[in-house]
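So, here's a batch of structures to check.
In what comes next, chain A is part of two complexes: it sits with chain B in the first one and with chain C in the second one.
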Partner chain A sequence: MDVLQYAWLIPVFPFIAFILIALIPKRTLGWEDGWGYAIAGAGGALVLSSLVIWEVLNGHTLTEDAPRTTWLIIGDYEVTFGIWIDQLAALMLLIVSIVGTLVVVYSGGYMHAEGETRRRYYAEIMLFISVMYGLVIADNYLQMFIFWELVGLCSYLLIGFWYQKPSAASAAKRAFIVTRVGDIMFMAGIILLFKYVGNLDFAVLFDINSGTPGAPTVPSDILILSTALIFGGAIGKSAQFPLHEWLPDAMEGPTTVSALIHAATMVKAGVYLTARTYPLLVQTPESLLFVAVIGGVTALIAASCALAANDIKRVLAYSTISQLGYMILGLGAGGYLVYHLQDPNGYTAATFHMMNHAFFKALLFLCAGSVIHAVGTNDMRLMGGLRKHMKITSTTMLIGALAIAGVPPLSGFWSKDEVLAAVYHAGDLDPIFLLLWVLGIVTAFMTAFYMFRMWFMTFAGEARSTYHAHESPKIMTIPLIILAGLAITSGFALLAGDGFKAFMELPIEEYVIPGHESTFDIAVEIFTDPLTYVSLVLAVVGILLAYRMYYVPGFDRSIFARGAAGTMQRALENRLYISKFYDDFAYKVWYGFSIVCDAFDRRVIDGAVNGFSYLGANTGGVIRKAQSGNVQRYASLIIVGIVILLALLLFVVPWGGW
Partner chain B sequence: MFGSIPIISIIILLPLIGAIATFCLGRYEKYAKWVALSFSLAALVLSVLVAVDFMVEPDGSATGYHEGNGFFDFQYYEEYSWIQSLGIRYIVGLDGIGLPLFLLTTLLTTLSILFSWDTKHRPKAYFGLMLILEVGVLGVFSTLDYFVFYIFWEVVLIPMYFLIGVWGGPRKDYAAIKFFIYTHIASLAMLIAIMAMYFQSGINSFGMEDIWRAGLSEFGRTFQIVAFAATFFGFGVKLPMVPFHTWLPDAHVEAPTAGSVLLAGLLLKMGGYGIIRVSMPTLPEGADAMQLVMAVIAVASILYGAMVCLAQRDLKKMVAYSSISHMGFVLLGFATFTQLGIVAGVFQMFAHGLVTAVLFMMCGVVQHHAGTRMIPSLGGLSKKMPNAATMMTIGFLASLGLPGLVSFAAEFMVFASVYQTWGLWLLVPMIAVAVTAGYYLWALQRSMFGPLTENIDTSHVHDINWFEGVPVGTLIALIAIFGVFPLVVFKYIDPAVRIVQVLFAGGG
Partner chain C sequence: MIPIEYWLILSSLLLAIGVYGVMTRKNAIVVLMSIEIMLNAANINLVAFSSYYSSLHPNLGTDATGQAFALFSIAIAAAEVAVGLAILLSVYRRYQTIDVDKINILRW
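Here is the complex of A and B:
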């Protein structure tokens, strides 16, 4: 039995769980209001995903020969639905299945106090995971787009889970609309390709301009535009500058939802899309440059916003944006390397970072959830000293912080270093990448600083408010321990077996390089490269600075209230005013314009209509009588109509002969 | 399945008999709803059977198959001479364009009657008029003779006028008369064009097929442009298109809920149907000359409608304006003159019929239960009416084009066809996608989410009633089914519009 043929069943498991939880009457739902079904749904998908991943690890993929079903045929256009399992899809399946399942397990403890609303929670979580799987295994852009939008919908529902809170309802709406701006670009991008190719299958599209007989051709300017537009979808979904501000607000949902969104589902979809589009992207260096610049700028802006945030989830949210910026930067620079040197290192580095980030970010969010669960607030200024009460949480969170800061041998070190190395190498081709590399290095320093600022503010020192902190139940700490293990070890995938790089083959035949480097060479290369030590030193300096400022007592932080530093601090606390800009634009400019449109509609357009009828009513008394309100007005109108009709007939007869 | 049974005529006659029976109930007026429901349900069942029986690619063995050289290929074709001296015949038949709308008509009428289950004010007249309305709309979607078409077209106006004028809101008189005069003027423009085509064709026949055939040689370019402009105005007001749309919000705001459902769900489709059945195939050169006008009006309707929606404070008025925006997609699809666009336009009519019915019903639910539809007075209602909130959310999501629900396929294909015809101008109508999401989600946030409102007395607000929930639930199920399997409907539409596209590829 070929497991890959049945990969389409992966999203079906959680979907069935979704249907069951949504439809089974409340009283018979049983265990924790649907938690049992959710575990079964996520677990079933995890098992099948593991089998699929195992097959892919053994070198099997299922791409062009996958079974398909027709969704629509119009004239010469056809859209079919199928599955596409390659290394990239397998990697994403790994991320979604592990993180998804652990989040569901953890929810059993975290959402325990929510009562009956848990039913809606588990139903929506199951739908969320299901459509994310659907997105991952899609074999064409339209199918991907459909699930892409549904992922957005589930984020909307879950961010707004506590919809009675105005801020939650507002944040949910914001997330949906902002990502929809990206979705418009995505849709436009695939429509461009649709015209030239006639369908949207990856199997056909990835052949574009390859020169093989029967391969579709697309003019290069159209290809550039369409890849840039498709990447526009990733800008929205993966919260890249300038559409990134929805993500920090998205923490209005339960923390488990944030963990899912940040680590496995929503925002990873954008990176996944960009990686998925690689066979097209590597033909368009212009788009790649755009991708890289967006990624680099995002990484720096988001990291700087995280420096001054006081909400523990907001720090993590900005750090996600920043790390996503790394991945996007890596993909952009990596594409440049592929285009010029047939060197896939950037691509492997970025996807590697995607995996590592999934584990340590899920860990960090679930730890934050554990803290919030214990303390009852998100504000780090009210925390402190939790290390004594929450040993497991504080230790696992420390592991997560070390991983994201890039301290060897934890996972973040390996992948971040690989990404920065790829960007630096791309600097040989275009000096702008050297600038982006500097942004990346500065970001690495900031990351180490704000993560440890967060850790010290939360766990170290003395409690700054009164609370009865306690360690979370096992159902929550066990997922933390598993994720901490992964955060430590997942980086070694680079060196295990044939190594991650050999596994993550580019999906393009002509770019596959015969004879990979051995994993030993990779390790040697990393530790002999001076750049490695640059980023390492910066990370350590960042940690020490945080230690000095937030752990050692007596540091005078009032310098941040005055002068240039004060201005900077306020700008960062106000999220660089980007959020405010959007609010003003939406509520003042755009809504104001709509008010003008409405007034125009009533006064001018409808006014003209009423004026016209007033004119008619005053010149012809008949119609005015018709408006007197009695039933006969209809009869009189009919008569008027017939008279006009006859007149027109007499007029039309001679006209008809002309 | 139907052999020589005149099934279309039977389906059209059923509601007529039902209407007469309802009017004749005398003092047993409390049974009016049952009579009306049975007759409309019978028509629904028969039309579903017709849809099942319909052969998508007829091989000549289809019931009542009438072949008209690829273009006028109809099934269940019936033809009777009526006024021989003027060439007026009663001809009915269905093709893949008419069938989905025919089905939509019987479906929405049945559900609207059910939705109005608690109507206490003059129920005989109310339900009777709804059945008369059904007769008119069914006739419009199946008649193939211009004269009879015009009669059915006008028949539709009368019951709608009374539905607004008698069962409407505070400004019902103004809204009803405005609706009537406005659309009547449009009908006159259409009538002039029909007469002009009749005389210009030089044959003694009002048959659509005859006139089309004669028109291929007899209609000069200038004539086509003028006649197209007249029919386009006639149908476009119904659609409605900016700037001839202002009758619509007034009519909707004042109309009773079921009236709004039928108005937006069916009457607007008559405009789109007329353009694709009459204007474009019969006057292709005229259409070709006016292509840009059509496109500009369509894009204006889409964007302007969406912008005005954003400013609305009345939930129902917002939904009414959203119809303008969404019917703009129909026109835009048609205006591309591509197979993709025309199929998408027809499908969008079907999709919009289902979705907008849900939206108006939910506005009605809010009005009945909370006592007001003004968004600033509402808030947090999902606490009191969770099922209604869920249904409203699904309706809004369907309307904003969420994949997996029915409108998405139509919207996507319209955009794809726009790119084929006008290239990157595509990005202009696409702005509406974000604006649409904006006004719907914002309205949802302000009316259903957040803390429970204190502006109105919510102590008696309860969840949706069964007779409201069943129609809405049915529609939502259909929205999801056709959203996941749009091919079910496309396979009807696609062959039917193939020739329209050929006409433009060859003649345009």
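Here is the complex of A and C:
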């Protein structure tokens, strides 16, 4: 039996769970208000995903000849739904299935106090995971776009899970509307491609300008525009600058949802889209430059915002944006390498970082959830000293922090180093990549600093407020331990077997010269490259700086209240005024424009309508006076009329000669 | 034989008298009587033209079509008066007046 043929069943499992949780009457639902069904749905998808991943690891893929079903026929074009399982999709399936299942398990403990509203929570989580699977296995842009929008809908529902809180309701709306800006660009890109190719299947589109007989051709400027627009969708979904501000606000949702959004589903969709579009992107160096610059700038801006955040989840949110910036930067630089040198290293590095980030970021979020569960606040200034009470959480979070900071041999070290190496390498082709590499290396330093600032503020020192902290139940700590294990080991995928690179270059093998490096060579290259030690030293310096400032007592933090440092601190606390800029833009510019529109509507449009109605009413008011009800006047008028008619017939008509 | 012009002048005068009565009198019964006068003016015209037509075509013999129409017209006038008086009677019962200036509620 060929498992890959049945890959379309992966999203069906969580979808059935969603239907069951949503429709079974409340009294008979049982199983912790749907938790059991959610576990079953996520677990079923995990098992099938594992089988599919195993097949892909054995070298089987199912792309151009995958089974399809026709959904609609529009003119000559058949809209089909199909599956597309290659190494990239398998990687995403791995991320979504593992993180999704662990988050659902963890939710059993974290959401325990929510009571009956958990039913809505589990239903929405199941739908979220289901549509994310659907997005991953899509074989054409339209199918991908449909699931893309459903992912946006689910994130809206889950960020606004506590919709009774005004801040949660507005954060949900913000997430929905800001990502919609990107979605419209994505849609415009698809429509542009469809206009020139008349098809949206990856199988057809990825042949564009390939020169094989029957392959569609698209003018290069159109291709640049459409790939840039499709990447615009990723800017919105993956919270890249300048559409990144929704993600920190999205922390209003339950922490488990944040973990899912940040590690597996929503924001990874944007990176996945960019990686999926690679066969088109590598033909358009202009778009790739745009991708890389957006990624590099986002990484730095988000990391600097994380330096001053006091909300534990907000630190993690900014760190997610920053790490997504890394992935996007890696994809942009990697595309440049593919375009000029047929070198797949950037692509493999970025997707590698995507996988490692999924594990350590899910770990960090679930740890933060465990801390919030214990302390009851998000504010790190009110925490401190939790290490004594929460041994498992503090240890696993330390592992997560070390992984994201890039300390060997944890996973973040390998992939971050690979991304930075690829960017530096692309610097030979275009000096702008050297600048982006500097941004990346500064970001690496900041990342190490703010992650350890967070860890020291939360777990070290003395308690800064009164709380009765306790370790979370096993149902929450076991997922933490599993994820910690993955955060330690997933980096070794680079060196295991034939190596991650050899695996991940297969989706784009047409465009690259496959590397024949052995994994031993890769390891040697990493450890003999001086750049590795630059980033490593910077990470260690960041950690030590955080240690000095937030662990060793007696550091005078009042320098951040005055002078240049104070200005800097205030700017960072206000999120570099980007959020404020959007608010001002909305309140002043857009609201002003709305006032003008409103006045135009009231005065001009309504004025015209009301004017016509006044005209009719007043004319009627005048003319109705003729209807006096006096029959003698009617008779008189009839006679006058007859006389006039007679006069006309007798005199005017003969005189006129008619 | 009286010339046709005399009959036409008579009927015109009767019509004018009837129109004047319809337009000016307040009493609805007088208005009804004026309408009868106008009808009779028309009847005179019918009879007059009938006889005139016969005198113009002596070889066709006497043509009585116009006179027959006048008889129909008189019969219909009788029915019309009956209906009109019945309406006036019920108007009077309702409003205690048959002044046409006062019966003007069918208006804007």
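Here is the rule we use: the second predicted complex is superposed on the first by the 603 of 658 C-alpha atoms of A that agree within 3 Å, B and C clash if a C-alpha of one lies under 4 Å from a C-alpha of the other, contacts with A are read in each partner's own complex, and residues count from 1 in each chain.
One rule holds in what follows: a residue touches a chain if its C-beta (ideal position, glycine included) is under 8 Å from a C-beta of that chain, and two chains touch if they have at least 3 such contacts.
Owing to the predicted nature of the structure, the values given are computational and were not obtained by experimental measurement.
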item	value
Partner chain in contact with A:S465 - chain B first, chain C second, else both or neither	neither
Partner chain in contact with A:T70 - chain B first, chain C second, else both or neither	first
First, second, both or neither for A:I146, with chain B first and chain C second	first
Winner by number of chain A residues touched, once chain B and chain C are compared	B
First (chain B), second (chain C), both or neither touched by A:T117	neither
Intersection of chain A interface sets (partners chain B, chain C)	627, 629
Contact footprint of chain A on chain B as seen in their complex	158, 161, 173, 177-178, 180-182, 184, 188, 191-192, 195-196, 198-200, 242-243, 245-247, 250, 304, 307-312, 339-340, 343-344, 380, 382-383, 397, 402-404, 408-409, 412-413, 415-416, 419-420, 424, 426-427, 430-431, 433-434, 437-438, 441-442, 444-445, 448-452, 486-487, 490, 494, 498, 501
Residues of chain A that touch chain C when the two form their complex	624-625, 627-632, 635-636, 639
Residue ranges of chain C in contact with chain A within the complex	19, 22-24, 31, 100-101, 103-108
Residue ranges of chain A in contact with chain B within the complex	70-77, 142, 145-147, 149-150, 153, 156, 160, 163-166, 168-170, 172-173, 176-177, 180-181, 183-184, 187-188, 191-192, 194-195, 225, 586, 590-591, 593-595, 597-598, 601, 605-606, 609, 613, 626-627, 629, 633-634, 637, 641, 644-645, 648-649, 652-653, 655-657
